[in-house]
Amino acid sequence: MTLLATERIKLFTTRSPWWSTVLALGVTVGLATMVGLTHDGPRPLTLTQTQFGTQFGLMVILVMAALAVTTEYRFATIRATFQAIPNRTAALLAKTTVVALLATVLGEIAAFGSWAAAKITATNTDLALTTADDWRRVAGTGLVYGIAAVMAVAVGILVRQSAGAISVLLIWVMLVENLVGLIPRVGADIQEWLPFIAVQRFLGNPGPDAVLGPWASLAYFAGVTAVLLVAALGSAAKRDA
Amino acid sequence: MSLVAAERIKLFSTRSPWWCALVAIALPIGFAALLASQGGDEVPLTVGTTQAANGLGRAVIMVMAALAITTEYRFGTIRSTFQATPNRVSALLAKTAVVTTLAAVIGELVAFGSWAVCRWIKPEADLALDTADDWRSVAGVGLVFALTAVLALGVGILVRQTAGAVALLLVYSQLVEGLVTLIPRIGDDIHQWLPFFAADQFIGNDASGQPPRDLPLSPWGYLAYFAVIAVAVLAVAIITANRRDA
Amino acid sequence: MIEATGLTKHYGRTVAVDHLSFTVEAGRVTGFLGPNGAGKSTTMRMVLGLDRPTSGDVRIDGKHYRDLKLPLTTVGALLDAKWVHPNRSARAHLRWLAKATKLPRKRVDEVLDLVGLGSVANKNAGGFSLGMSQRLGIAAALLGDPKVLLFDEPVNGLDPEGILWIRRFMHRLAAEGRTVFVSSHLLSEMAQTAQDLVVIGRGKLIYQGTVSDFVENATENTVLVRSPELTRLADLLRADGVQVVEDGDSIRVANLASSAIGELAAAHRIVLHELNPQLGSLEEAFIQLTGESVEYHAHDKEPTA
């Protein structure tokens, strides 16, 4: 518990989690509000449409989580951390937990905030959360943000450089995973197994012929993240701080 | 010219531009090779599809250009720069010239490299550069990369922080512009005036597969539009840098 | 010559430099003294055109820094030795500065040898110790062979060997007839190097003049007197309204020249065994002057009478 408290203090005494929160929530809910305000026409607003902005929030979470660890390397506070807590795995796991918890909370606020904003501003819609699938697609955002934060922390530990870690994460998520689909024949099959495509299945409505169901997709995403985190913790324990 | 030479030494005497250049060239060409080698006969390979992955290179160029200026702020060398050249406008324009030239060269290497590797893998495909449009969509990549570098430098000067500038540039160009289209009714109208959409229209590589829409500008018009935005951002940035404390 | 008139810098509500006017004479070493946080670095950054004064003006030989042509050939400065890219070699760092100043490439190797970094010129500056970084910073300052040199706390954090090296270097620069403006929060350091002093506290000018005048004016002068007729002498002095402190077999007389005490004793035929003017230390003088303007006070001083 002390470790968690330490990391919590460390995270919230810098500015980056605060502007991340403002950006992640502001833009996400803002976009949903715009969608709600501008929506008209015969077809009612869908749940999917209210959640468009959560994609943006996900990027903010990736950046915030990566920075939480790379700034420690940049300002060499990582040495102070490892001096105070020589068990590096415990120290880094505490950090991961705090960042993941914050990300989860932000995800839930962003998702339900977006849903509520669209529901209030749009006419001609009910947007009731009736089925289990509906609930998954809104409440699931928190889980995705939480796991994504863990992945970003892992990449941050491995790369140790802010610019490098952010570039790798963002270019991978926004460009590489999409471009893979363009490769003829094999591309689409490979794409099914990419982690953030799995996230899209979890937050969407995958058809019955999808390679994995929604919850299995989330488990797969968590699995990939766990492998990265183990690799990161292993390398941090071995190398010089 | 001595300022340009100084900036050239500065850029090439650290490792990150070399790494960025390597990745910016290797990734898209590698991708183009995959596209060509995996493609069957059902989808014909065109000049346009050889350029499908140059966006990867452009993203890395953004990172490189942003780093070129933000690392100066991070390590305090910007003060040495302004001490040696108190005319900040000249100093920053010299840097822009060097970074932009490098970006243009990388852009041409990416474009012609991707095109050549596809030709080499698929000699039977019709990849001859016959029309002016073909030339624009290949040779034009260098121009787009160069202007992207101008824009990224502008953002870097304004933000001064590596992480912030890189995140802002990547998330805006790769995600925000796309999200705008999802706003009902007005989304598409806004989208066709956004800078990176404009840049894509110039190269003529529309990966979305949607039928062409009635667009307000011609490809060259879009390039000019993108250039105006990039230069405007840089101008605001340089004026800001000139006013504030280094 | 550096001339500041009414130099003022605000950061938001904080006033870092407050209507500061001073001159740094050509061909002399001028120490720039003040406690930490007094505004020395801010002033130096304004001299170099890096920070814009909120009001007031500072000129070098009558010109604003921004109007100097190839400024590194007029003014060299070392403000912070860590202002180098860690992954750039020492030589490359100087090469781009030389290019921007239109200096020949061989000048880079000259200054590297001058500061003794010739053997590590191709090593990345990020791996340098503080002493080596300081030498690289001095090499950069000397690159354009400037007449005016600015150094901000050049000995801060250095080991004794490094301090000695810097001190000798300053002497050498002064001997070459250059104008040197060097800041420090240590007066003793300045006493070894500087001829003139500019002293500031909380951004305001406290003193400008020579080091010796500073010591004379700022220290409380006392005279130590020993005599077989100590009590009689003390009473005579007290009768004249002079402050006398008894100190074992001697007395300390405040604010009266030793000559006056001697004449008084002679007039009353008192034998003197010792008549010894005591000069206050520079440090005492400095603290006395800047005491009220130290930004972050430790409240442990006794109130002065």
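Each chain gets a letter, A, B and C, in the order it is written, and its residues are counted from 1.
One rule holds in what follows: contacts are C-beta pairs under 8 Å (C-beta built on N, C-alpha and C of every residue); 3 or more make two chains touch, one makes a residue touch a chain.
Since the structure is predicted, the reported quantities are computational estimates derived from the model, not experimental observations.
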item: Chain-level touch network, classified as line, ring, star, complete or other; value: line
item: Chain whose Cα mean lies nearest the overall Cα mean; value: B
item: Between chain B and chain C, centroid-to-centroid distance (C-alpha), Å; value: 50
item: Whole-Å gap between the CA centroids of chain A and chain C; value: 54
item: CA centroid of chain A to CA centroid of chain B, Å; value: 27
item: Multi-partner residues of chain B (at least 2 other chains); value: 16
item: Where chain C touches two or more other chains, by residue; value: none
item: Residue ranges of chain B in contact with chain C within the complex; value: 2-3, 5-7, 9-10, 13-16, 71-72, 75-77, 79-87, 91, 243-246
item: Parts of chain A lying in touch with chain B, wherever the complex brings them together; value: 31, 34-35, 38-41, 49, 52-53, 55-56, 59-60, 63, 67, 70, 162-163, 166-167, 170-171, 174-176, 179, 182-187
item: Contact set on chain C toward chain B in their complex; value: 45, 48-52, 65-68, 71-72, 77, 79-80, 82-89, 92-93, 95-97, 99-102, 140
item: Complex interface listing, chain B residues touching chain A; value: 16, 31, 34-35, 38-40, 43, 52-53, 55-56, 59-60, 63, 66-67, 70, 162-163, 166-167, 170-171, 174-176, 179, 182-187, 207
